[in-house]
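When the chains are written out, they are named A, B and C in that same order, and each has its own residue count from 1.
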Amino acid sequence: MDQTLARLEALGHRLPEAPAPVGSYLNCVRSGKLLHLSGGLPIDGERRVLGKVPSRVSVEEAQEAARMVILNRLAVILAELGSLDRVARIVSLGGFVNSEPGFHDHPKVINGASDLLVEIFGERGRHVRTAVGVAALPLDVAVEISLVVEVAD
Amino acid sequence: MDQTLARLEALGHRLPEAPAPVGSYLNCVRSGKLLHLSGGLPIDGERRVLGKVPSRVSVEEAQEAARMVILNRLAVILAELGSLDRVARIVSLGGFVNSEPGFHDHPKVINGASDLLVEIFGERGRHVRTAVGVAALPLDVAVEISLVVEVAD
Amino acid sequence: MDQTLARLEALGHRLPEAPAPVGSYLNCVRSGKLLHLSGGLPIDGERRVLGKVPSRVSVEEAQEAARMVILNRLAVILAELGSLDRVARIVSLGGFVNSEPGFHDHPKVINGASDLLVEIFGERGRHVRTAVGVAALPLDVAVEISLVVEVAD
């Protein structure tokens, strides 16, 4: 019984399939107690959130894209650990926003990811993060997010 | 008695209040021996260093902004550990410069941070780093800097 | 006898001198089992790959630049550990491409690095990664790549 997954579903979310990497890398690698995840993209089957923020993708759409990334990152973690209950702690999050040079609301965009992690994991979901605006992202996605997670023994 | 803090003050620096995060995240999270710090911004009370380098913020001003970030990151570490003497080692630094596309002196800007760490911590302050120029930063700050620190037992 | 180095050379590659950092930082720092490496640049003696992708540097040239960075990162690891056989695992890779705002093939560029690591290390070379396009890089290099490596006991 995965209590974290049950909570996630009770909150109205669902996990997609863990996505295939878009290059020669792995979705996750464990070293010691830490599970490192590759930068995830807002892709869920046919659905993708593409374009720069805020000219083509609004802040609200970019927040939704950040939530999409978190859900597919959690799908990776679930596939790796067998249960989201084994997440002892979300340690750190790296948030990259496909950003117009004059855009400065990156924290608001990445709050979409951070708030969802806290909603699902409670205190275990609270993390450090770095949010920046980059010139371009793979496939022209609106956001890319990496995670480092501590695994319970 | 915090010898590192005493040294910092003897060098003429002072620590600001540890700043509040500008989003849904924590200033720091410890996992094992490592203390991870969120990307810090050049904010000290009412004082902020805003704008792109070098069009609006000069290299010298950006170096000073990098030093401001380090001092508020050290305030976070002090609040967490109780003493800067408990820093066994600055492990890594991520430096993001709010950069015009034709600017290439990021190392000089981030040296403001790296040199200050070595000045304060001596050999314990020497670290690896990644310095890049990004399209935009939260609040339009000139630099953002993240740290990972090893804590003494 | 360094079997990994022998394999690297049998594949037709050669390690350059470990490059000097271009600022006030170290090439690598070990903490616990992890060796952290600074962001490396495509510099090999007089040879440098400079400019934005794809306007000035083609995708193929940028892939070659990514391979150059990996080879000088491996030179750093060899100098630190004495043998590449002591690399238990490439854990994570951060890839920053000096990118035109409309360029989206960062994964293809960074595959130059990832594929080479797998070619040299086999399964031990498979890693997580984050690939983004940044506004500008130090010295105007085409790519910058950081690594975290797990060291065998």
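By our rule, a contact is a pair of C-beta atoms (placed from the backbone, for glycine too) under 8 Å apart; a residue touches a chain by one contact, two chains touch by 3 or more.
For clarity, every value in this text was computed on a predicted model and none was experimentally measured.
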Task: Would you mind reporting the rotation angle for the C-alpha fit of chain B onto chain C, rounded to the nearest 5 degrees?
output: 120
- prompt: Over half of the interface residue numbers used by both chain A and chain C, so same, or under half, so different?
  reply: different
Message: On a C-alpha centroid basis, what's the spacing between chain A and chain C, in Å?
response: 25
Query: On chain C, where are the residues touching two or more other chains?
result: 32, 101, 134-135
- request: Provide the residue numbers of chain C that touch chain B in the complex, in ascending order.
  value: 22-29, 31-32, 36-39, 52, 94, 96, 101, 134-140, 144, 146
Message: Which stretch or stretches of chain C touch chain A in the complex?
response: 32-34, 89, 91-93, 97, 99-108, 110-111, 114-115, 118, 126-135, 148, 150
